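Look for chain A in each of the two complexes below; its partner is chain B in the first and chain C in the second.
What follows is the complex of A and B.
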């Protein structure tokens, strides 16, 4: 009798767990993204209609992912796959092949290219991989600018609309909320209301925003007085010189006016060589460069050593969400990057 | 930034490495356990990697201690697996051990973010050595050097003639353990700096050269040290002047020097100099011809369609076309729809102007367009301005600008207040529209 009861209880528990498990996941779309920054954006746009998982953690090298069976299994069940779309993730096509999921192949409706419709920096004139790991379509680290985040969100929205048209209004309202939040966080609420996020972004993309804001006036005050958000926080960085390890920060630097003078890698993807490091050190001494910036997936010790030699401050940060403490979303990235850089320049200024 | 400033520390480190490794190399060659170094090095590296998983930073003292523990275990295994009258060569056990350690390191690294760390285990980071590293290495190596010097006869006997050592009652296994342990100590330090490959070369290359020339330990050491120092200096210089990674450059340069040295010795020692010279020349010719042939073959193959990984190119091309397709769809996010905008204006405003206006991307462009238009055609410009002021999506700053321009063109502001929203400005907008009507009547 007691035994029967136990068996029944166990059975009941199984049923309950099964219901919970299936109820939680069954009616949600499964979205798999490459970069953890895209995951943060997809969660915003997809809301409670989707579950999101990502492949590259914020403290991993996005260029290199060793294919693991679990990744293919994850992709096999995916409804939507979001990849950068340039040649950053050379491993992605073979992973999709492994997953045996025809719907998420590039060109199919379950595939989203996050970089679609974006102005890509550093597009080479001649296409060749002979010079190492040069990205032949230009700089693929698109998630380092909040403005690119808006385009990524639009691309993800387009993808979600295609596979789930019934909820497209829901996705669209999330998208618009996201775009507004980016504008508010980038330029401040007041200035966004005054000029419009679209216009501010367009000016910023052309690198003319700060000049524009200093020149134009509203009620006899320069518009720059109304600036808020990340752009205001990053004003001390405007025109400042840094050396970075890899070309990770092109879009970030472009938006906030940071001048990346040199890279520790002689060519993207090629580890530092003696002659190149010597020339980097010389450049840093000649131009009095006091701050270095590197993603924490590189060998931190190398950056610190060069910094020590020239008396610069190394700023080591995660490249994407999940890569360090307190960097949990797309928005957190910019808080942390700007914060650390501003502090480093303050320190460098007070030392000098 | 001079070569001296950058390369002094790596150079000193190399000298210390050459000193201790050449000595150990003569033992390794005698014992015929060439891969023991690779296996110990890899074990030390595995210790560092596993420690990293526990949260021990790779350049800390704790990490070093942890990797020494791993090395000690490996040393114990190697001394136990030396079996008298062996059926399986010990080299096989050691090789297998190396493969297992290397693979385990890769598996462990999966748990961390250390892809580059794995590469560093192989290639090392000679360029990044610091003074402290050199000081520590120098003191540890001298201690071990002293230990070996004190017991030199015993170590030499076991390496050279283990059977005799066994028979004379020496605890061979114990001394083997001490040998591998001290060896492992050295390796644990040197691998962090120089990497598995370079350490292996430091160990065997000078020793091979020395063995080719002499049988006596003292001569071997002198030859090995001289050769090691010279080759290392030149290798580092090459690495600097040609801007190549230091570790691999020195390794390859060692290979070239060994080949050249062996040829020289062959020529010097040959009984018939003439036939030796002929053989040397013909061998060199074959090598050169083969090299050229391989080069040409590669060039030829690269030009054929076989060289491209078609799948990958297809995938990338598909991604690109997808990107373009999505770009077109993005136009849906633009502010104005052409058909709606055309209905807002009367026939005074040409359709081409409306279309151009609708195609603009942001307020700067729009306002500049309105300004330009009102300079050339004031009637059209004023109509655009009024539309712009009555559109609730026009941001505050541009309403101010537009109102200034309107005042400029018409001499009045119709009571429009930019800070209020469009509904509150309804009356002002109505007055603007009236003004246009009366204005055009007047003109007629």
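What follows is the complex of A and C.
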């Protein structure tokens, strides 16, 4: 009898603990995002008021995701769903349909388009499938620029504020910290304090930052001497030519002044043909291009093969956090991309 | 008391130096140092005078620092202003007289549904010696534009959407058919959706898919011989419950109530009461790259013909005859996360079992289309494996086994078909399939039943124009 009582008491405690644990989890808002980079930003803005899960892993092609029912289970419980909002995640509407969660549909307060308010690059003038798997709204790989990270964070903040207005001050303070950290990490603390993150970002978005900083002086020193952060680390990349696999790097290249001369894909989404590879090799030889850049979910072997033939250095990286060792956050991805590229150019010993 | 003696020259030298220092500080960022002429050091200075001078120097230094700070602040403000100007996008101005006023209400095409068109071309080469026994549009060597389909879809309002597939079949029997047309309320209550209209039903997996979405040339014969040539597509309503995962990583229950208009299973156009269908989907993530889906289906309806006038003017009123059906489906899918573009493996199998109560004196028996055996059991089973060998190339093999629902004897039909598919892009594919098997017997003119083997080579070319791709979900 006594033994039964003990067992019953232990069982009861377990049930109580489970209820408490589930209650504690339920207190937090559930945010589901498509991309692991958005997850990193959402975690920063939402802090301890939210739990975040993501669908596309950092080493996964965001175009090709099987809309598995288990992903829909996650969405069914979501308070907020963050997607790029363009035509990248064409599988996502099926998942939302499957989840039967009316609050996260397009236009509802539980849906956030991460790209809202952003200057989208490479918007096609004429939309034709003759151009391959063309994105009709422009390049959707928005998370490859730290400055876009600020807009993504602002959009996530807006979404959180809508569904949880009581904690909006908390989210706003996190957003401001995030923006400041991005500015400091992008331009360095000193220059950000001098010119202001907003102005620097605007100059950088227009591709005028480096020229401006080189042209202007302060305290009898070129302003560029005050530059820090990723922009300073990436100065050796400015104007350098690379070949990439896909149009993943448009925003990154635009910000850091990298000149993407050609792509392994003849058209977006169309696999490399032997004829096109021959043309890429010729371009690389003619223009002395010594560095190739590709996300690690592409055919790495093919990139290495081409690099070997022209004596170039292949830089294979994850496209988003979690996609490789030590790339655990939105900030890490820029550290790794820039480090690898700078080292590759140093090793190549060429101005490309 | 003796007055402190200050040498006038030393005093002048110090003042002159300080004036120089200030002027120098205004043009230089370098810290200015006070340098006295060599002979000034030798001039004796009283302590009080020295202190006063030091005080003045400090004041002047502070003044200089302040001037420098102000100057730097001015310089910075000027730089910020310049940066702001540079950062601003050039404004494009349009003169008022250049403005062209357009009325948006006259160009609302942006509100049109998404429109897509798909085409399905088939080339057939019959390579069987008994080709004289082949008959019908699909059963001869030649080319067919099997189907052209118009796909429409649109979000109707914040609560619902619609989809439609209109099929045009050209030669040899031109026709237009409404394959599907339904609207769905996404969440009438959380986790539930409601669909009304005509739709391909959730009996198993591939019955739900359009033919151009399949991984092989046509619907598996296991399905068509038991459920009907086009599978089960009927008009009615369906409720889908995306259940909280209870005994899997995802569970989904579908209940559909439709007209029993499928002529193989039910009464066809003479249906009298609706048919009911249930499908339970159980989904398991086995690993990051692999999942298993196990589904169970059940369907019930009646197949007696009631309430229509015969040629002799009498009302037909047959007794109730039921049709029961069950199905099991299993899918194992492997898609390595990092290589999703290049590698995948699918194994899918489905089994169907149908029990149809038939009349011994039924019309079909008279026509020789069916044996009269009271309860007729039919079944079908197929298994398919597909492997992606590169971005564009897939190889697969499909095997079918069936005891048909509409039959003239109890012989079992079977076939096996290896295929290779080349995806030119997401919108175009070419498929070569070889099929070998044994079809249901054919009744010859003399009344004999002749068993038929089936050997054919098929070339399928499919394309989709517009936003509708070849999707399997």
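List of remarks:
By our rule, the second predicted complex is superposed on the first by the 332 of 352 C-alpha atoms of A that agree within 3 Å, B and C clash if a C-alpha of one lies under 4 Å from a C-alpha of the other, contacts with A are read in each partner's own complex, and residues count from 1 in each chain.
Just so it is clear, contacts are C-beta pairs under 8 Å (C-beta built on N, C-alpha and C of every residue); 3 or more make two chains touch, one makes a residue touch a chain.
Here the structure is a predicted model, which is why all the values come from computation and not from measurement.
Once the two complexes are overlaid through chain A, chain B and chain C clash, as defined at the top of the document. In the superposed pair of complexes, A:279 makes contact with chain B only, with no contact to chain C.
Looking at the shared chain after the overlay, A:101 reaches chain C, while chain B stays out of its contact range.
In the superposition on chain A, A:305 makes contact with chain B only, while chain C stays out of contact range. In the superposition on chain A, A:168 contacts neither chain B nor chain C.
Judged by the touch definition given at the top, the superposed model places A:73 against chain C, while chain B stays out of reach.
When the shared chain is aligned, chain B and chain C each come close enough to touch A:203. In the superposition on chain A, A:158 contacts chain B only, with no contact to chain C. Shared-chain residue A:195: touches chain B and chain C both. Looking at the shared chain after the overlay, A:53 reaches neither chain B nor chain C.
Only one of the stretches 5-13, 23-31, 77-85 or 275-283 belonging to chain C overlaps chain B in the superposed arrangement, and that stretch is 77-85. Chain A residues 57, 59-61, 64, 66, 68, 90, 94, 97, 105-107, 194-196, 199, 202-203, 212, 216, 218, 223, 271, 296-299 lie at the interface with chain B in one structure and with chain C in the other. Within the complex formed with chain A, the chain C residues making contact are 29, 72, 75-76, 79-80, 82-84, 86-89, 155, 158-159, 184, 186-187, 190-193, 240, 242, 244-245, 249-250, 252, 281, 283, 285, 291, 293, 333, 335, 337-342, 390-392, 425-427, 465, 469, 471, 473.
On the side of chain B, the complex with chain A involves touching residues 1-3, 6-7, 59, 110, 113, 115-117, 119-120, 125, 127-128, 130, 239-246, 311-312, 315-316, 318-327, 329-330, 333, 335, 361-365, 393, 395-398, 400.
Contacts from chain A toward chain C in the complex involve residues 57, 59-61, 64-70, 72-73, 76, 90, 94, 97-102, 105-108, 129, 132-133, 194-196, 199-200, 202-203, 205-206, 208, 212, 216, 218-220, 223, 269-271, 296-299.
Residues of chain A that touch chain B in their complex: 57, 59-61, 64, 66, 68, 83, 85-87, 90, 93-94, 96-97, 105-107, 111-113, 115-117, 137, 151, 154-155, 158, 193-196, 198-199, 201-203, 212, 216, 218, 223, 266, 271-279, 281-282, 285, 296-299, 301-302, 305.
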